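The letters A, B, C and D name the chains in turn, as written, and every chain counts its residues from 1.
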Amino acid sequence: MSHAHADEHYLQAKGFYNWFFSVDHKRIGLMYLLAILFFFLVAGFSAILVRTELLFPGHTIVDARGYNVLFTLHGAIMVFLFIVPGIPATLGNFLLPLMIGAKDVAFPRLNLLSFWIYLLGVVCVLYALVGTPWKDWLDTGWTLYAPYSVQSSTGVIPITLGVFILGFSSILTGLNFTVTIHRLRAPGMTWHRLPLFCWAIYSASLIQILATPVVGITLLLLIMERIFGIGFFTPALGGDPILFENMFWFYSHPVVYIMILPAMGVVAEILPVFSKKPIFGYRAIAYSSLAIALVSFFVWGHHLFVSGMSYWSRWVFSLLTFAVAIPTAIKVFNWISTLYKGSIRLDSPMLYACAFIFLFTIAGLTGIPLATLATDVHLHDSYFVVAHFHYTMQGGTVIGLLAGLHFWYPKIFGKMYNELASKVGFWMLFIGFNMTFMPQFLLGYFGMPRRYYDYLQEYADLHFMSSIGAYLNGLAYLFIFGNLIYGLFKGKAAAKNPYESLSLEWTVPSPPPLTNFDEVPTVEDWTYGYASEQNA
Amino acid sequence: MSAPGTFFHAHEEDPVEAYQNFKFGMWMFLATEVLLFGGLFAAYFIFKYRYHELFVKGSSHLDWRMGSLNTLVLLISSYTMAMAVDAAQRSENQKLIRNLLLTLLFAATFLVVKGFEWIPKFNHGIYPGTDIYFSIYFLTTGLHLLHVLIGMFFIGLLAVRANKGRYNSENFGGVEVGGLYWHLVDIIWIFLFPLLYLVGSV
Amino acid sequence: MSEHKMGHLQEPSTYLRILIYLFVLTIVTVAASKVHFGWEFLNVIVALVIAAFKASLVIRFFMHGKYENGETWAFIVYPIVLLVTLVGFLFLDYGFRPKDKYVVTPVAFDDQAHGEHGSSHNSTETHGEPTNDHAAAETPAETHGDSSDVANAEPAGESHAEAPAEAAANALPGDAAKGLEKAKILCIACHKVDGAGNELPGAPPFAETMANPEKTPEYLRKWLKNPAEVKPGTIMPNLGLSDSDIENLIAYLATIKN
Amino acid sequence: MPIDVSGISEIGTRVDQVQMALIWLMAFCFIACNAVLIYFMLRYRRKSANQPTADLRGSHFIETVWTLIPTIVVIIIFFYGINVWSDMRTPPEDSYQINVKARQWSWSFEYPDGRVEATEMVVPVDTPIKLNMVSEDVLHSFFLPHFRVKEDVVPSQYTYLWFEAKKTGDYHIFCTEYCGKDHSAMLGNLKVVDEEAWQRWLRNEPEPGQAPLSPEQRGEKLWEKWGCKGCHSTDGSVVLGPSFKGIYGKEEHFESGESLVIDDNYIRESIYSPQAKIVKGFTNQLMPSFQGQLKEDDISDVIAFIKSLQ
């Protein structure tokens, strides 16, 4: 192989070795992106099958067990393989060093190791889900609640092992990013000049480091329960299934902030650029990210409001859950204020960012009745919850990921996608998504329990509408990704900084050279000095 | 295969920077380790609270003298490890190798004592799953044992590299970070010992 | 400059001093555990406080923690905060749950009762129905006494059980061979026994039943005694079995694995 | 569909009041935020490349205000919710108690007099009912959507739930915690009846205007309940025991060599001591005695049922 030039960009290297053994954060980020988008489509397809089954009451395409397998498949792949690595491992990996003016992450080899471990975890999870004869496909739901998961004859051990391994990948990625942000910031890039995306990734990384080990040990205990009958979760042996719920949600609640915080970060990057205005209340947004990360550990109990936990536990957890609402509200107000007196370009990244705010307000507000004990008892484990977390996960994280992908697409690939097509895709998604999940709020309020294969005739209309919405939703994704892929081959070459951003990643060529910066840049001012009038 | 940016051709870092990052990263990793054991500690406290009698009865099957002996052995190994780091900082290579080997020796002693505790238990038909106390006993000490083994592997690696003269006052990050890990293993044991061995001996 | 960046030197005598402190504290821990503090959990708290102090010595001196900056200390302190929170909130839950509402009280492993014969999952369900708020937990002594008697009577000299399931079978009081005989007369009508017999709908293969960890010997005892009581509407009839028949059948069932 | 449940129970009505208050609050916040968002998007749309933008980096005053307001609002909601919920979790002392057992995938209800019912729970109106619940296998959750109450049914401890119906009628019971294959089939029915019907139900009398179950029907129920159908078919096919079809009044030969016309006495004897006279060819001696389990009344119902199968 020839010696590469220093200014060779990172996409130029070809061949398996150059990618699979690459320690370059950009290539690793891109490999992650490919992997998670693949799993997004797989899990999305199983969601379509789930909605098809629910099109009409009774048997539509699969039997009860088949349905349980399908929603388990959807949940497990979406959560463990797509959304947890989600934005941090893809956009975070790609952009973090560029944004803080570093040549790479702190531990490039560890970064590659995380990716390999991720792939190993993928193998285990897929084995449990689809690698065995049909009768052994996992049907416990992604939450793996004991004692059902202790008794189930399906692949609980492989998936548990897989999630344990994925946990390692997640911990190592989080650790890598945290050290990177602490130690590799370019001269002049103080904490208070750090782009908000980095703050968000930092907060998410803290959760990855501190929450993941607890689910690791919990899942290990589940394996031990199945092998040795250690009795922690098996009632007949004196164990307590509610302990599993407690320990599981100690991780799995903070994990939703691993998913949503980076998406919030993406939005906070896009809004100032497309409004040509400084972000409003920089410190409030930065610190509220951190506050959400730190407080998120203390609210897991709201998943157990009807589980049989003690009266006072429910009381305290309800109060603490409300505490998370406040930093979230602050963020929303700040984002909206950023637009005030701006000069707004409604390109597709900006459309996605605004849609994020729109959908996220729904997601956040519908969290209030779920935090309020009186109403949560009724709404718990109903379709209301399903709709609520799909508004946060799809309306929040996925829309945020798409916003980021469209925004940084020229930087990542050096090409432009078709703007008109991406807007069409956006509207399809926006309408399809709301049509899918809006009826589910009603269903839930009317008492429709979740994870039901069959339902009473009285719920049929709303289910039908939701399923039709799901098809539009699915089509929209095909259209959007089709457009992005088309752009890779036929798109125009992108300029270095098409959106006139002031952030560091736009000061390097598109696509960026392998070593990012020839000279480590010195940062003079904060990132958001966009205003044309200086009235400070 | 000399493509830049691949596994064997990562860009060079400033050694001081690399040392700082390495150490900071290790501290963070220790944080995850604490929480990994934390899940087990949480389970311990809950079941201890619910089944106090069962725990007292269970821990009466353990020999607190063995536990104390192992505590002392691990403490000494921690000391020798600290001395190894000190030797590396002072570029005293012979002393470094000697201390690393001593640490390994004490770690091995720990394993032997552990073996003398575990094997008779198996012979008495006590396994994880016998009752909740013994489940916790075997899981915590087992996970700790796993960490001892991993620690021993890395200390062995350090000894081999020290033997090649890799470490000196300018470059001792590896020894120090290995030391951090080993001390954590010690700290975990400091908590496990009274909780498992001494709760029932009143 | 590089000296400052590359860590700190401590006097070697400091390490020795700390080691001695740690030794002394270990002795204090053991001594403290021999003292009655009146309340059983106070002993645990004292032990934890001493352990925390020992750990802080290791962190500060052996791990050079005292030279680390605030950023590192944040990562030392916050995990501990989280751990305390986790345990604290769990106690908020378990501490306020009505204790008389638990279904099962597990029985501790007992050396005397089990002799050299493997262990058993000594769970004894105390089914106190919560009629009118009183889920009375009966003491599980009765059943427990039973099984241990028979366990002692079992011939010694079998090799030690490898797997817990096998161990459980060994500790069961019944005679598996007699159980099999009985099963060939009774159960065979609806279940396959030793590969022979019918397999009626609603009569699951024994292997499937035994793979379910919920189906403990205790459960099977109740079930065989009167299936309709455990599961109203079940197709399985009350076979009017004697207690010894039931024990033999359970012993036989325990030998069945996938 | 449980949309408007006002009047069905006091707690449910109060829960819906909280819910309505929250819906209005949510609607207000949602519309306020997004109206401003959309207004800004349109109002400040870039019309020229050098459209001036303000250097607004934040405002301590306004940020403090919009931190404090949500804080106060959520604290108010919290206590409002706690107030209702606390009553929801505090059953009156004199509640009528029913034990609920959940298993994959059915409910059973045990009344204080020992009577056990499956699937349908009958309760009197205007009486607080407390359910003491336990699961026999995995997690389940007992949900009464019309009453806005729900509580998990777990295998490790007894949980409880209480409600008081103010209106008679039939209401859904759902299982809302995923419990395996037929989770969605784990439905039940709550039948709230007036005092008169309740007393009748307690005495096991049929409702007026509805024919009581005939002895044959009762017999058939017993045949299902006690597992007779496992061995004795009703269509003439031989499973393990003789089929019931056409057996009554027929002369049967026994293993002992005797023969007899099957009559009431024979059936009664066969139920209480099955091995006394075994029909030729059925040597497996499987049938257990039902002495002490089937009462005399039950026996005559079974006889009537067998008689009806000609």
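Convention: contacts are C-beta pairs under 8 Å (C-beta built on N, C-alpha and C of every residue); 3 or more make two chains touch, one makes a residue touch a chain.
Computed from a predicted model, the values in this text were never measured in an experiment.
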item	value
Pair of chains with maximal C-beta contact number	A-D
Subunit B and subunit C: spacing of chain centres that average the CA atoms, whole Å	26
Intercentroid distance (Cα basis), subunit C paired with subunit A, Å	37
Distance from the mean Cα position of subunit D to that of subunit B, given in whole angstrom	53
Multi-partner residues of subunit C (at least 2 other chains)	71, 78-79, 82, 86, 90, 94-95, 97, 102-106, 121, 164, 214
Where subunit A touches two or more other chains, by residue	147, 151, 182, 210, 214, 228-229, 231, 235-240, 242-243, 308, 311
Junction residues of subunit D - those touching two or more other chains	137, 155-157, 159
Chains that touch, pairwise	A-B, A-C, A-D, B-C, C-D
Residue ranges of subunit B touching subunit A (in the complex, touch as defined)	1-8, 10-11, 17, 20-21, 24-25, 28-29, 31-33, 35-40, 42-43, 46-47, 51, 127-129, 131-132, 135, 139
Of subunit A, residues touching subunit B in the complex	1, 3-4, 10, 13, 17-18, 21-24, 27, 103-104, 106-110, 112, 171, 175-176, 178-179, 182-184, 209-214, 216-218, 221, 224, 228-232, 237-240, 243, 247, 514-515
Subunit A-facing residues of subunit D, complex	1-3, 14-15, 18-19, 22, 25-26, 29-30, 33-34, 36-37, 40-41, 44-46, 50-59, 62-63, 66-67, 70-71, 74-75, 77-78, 80-85, 88-89, 137-139, 141, 143, 145-146, 148-152, 154-157, 159, 172, 174-185
Residue numbers on subunit C that touch subunit D, as the complex places them	97, 101-104, 129-133, 135, 185-186, 188-190, 198, 200, 202-203, 214, 227-228, 230-240
Residue ranges of subunit D touching subunit C (in the complex, touch as defined)	97, 99, 103, 108, 110, 112, 116, 118, 132, 134, 136-137, 155-159, 224-231, 239-240, 284-290, 293
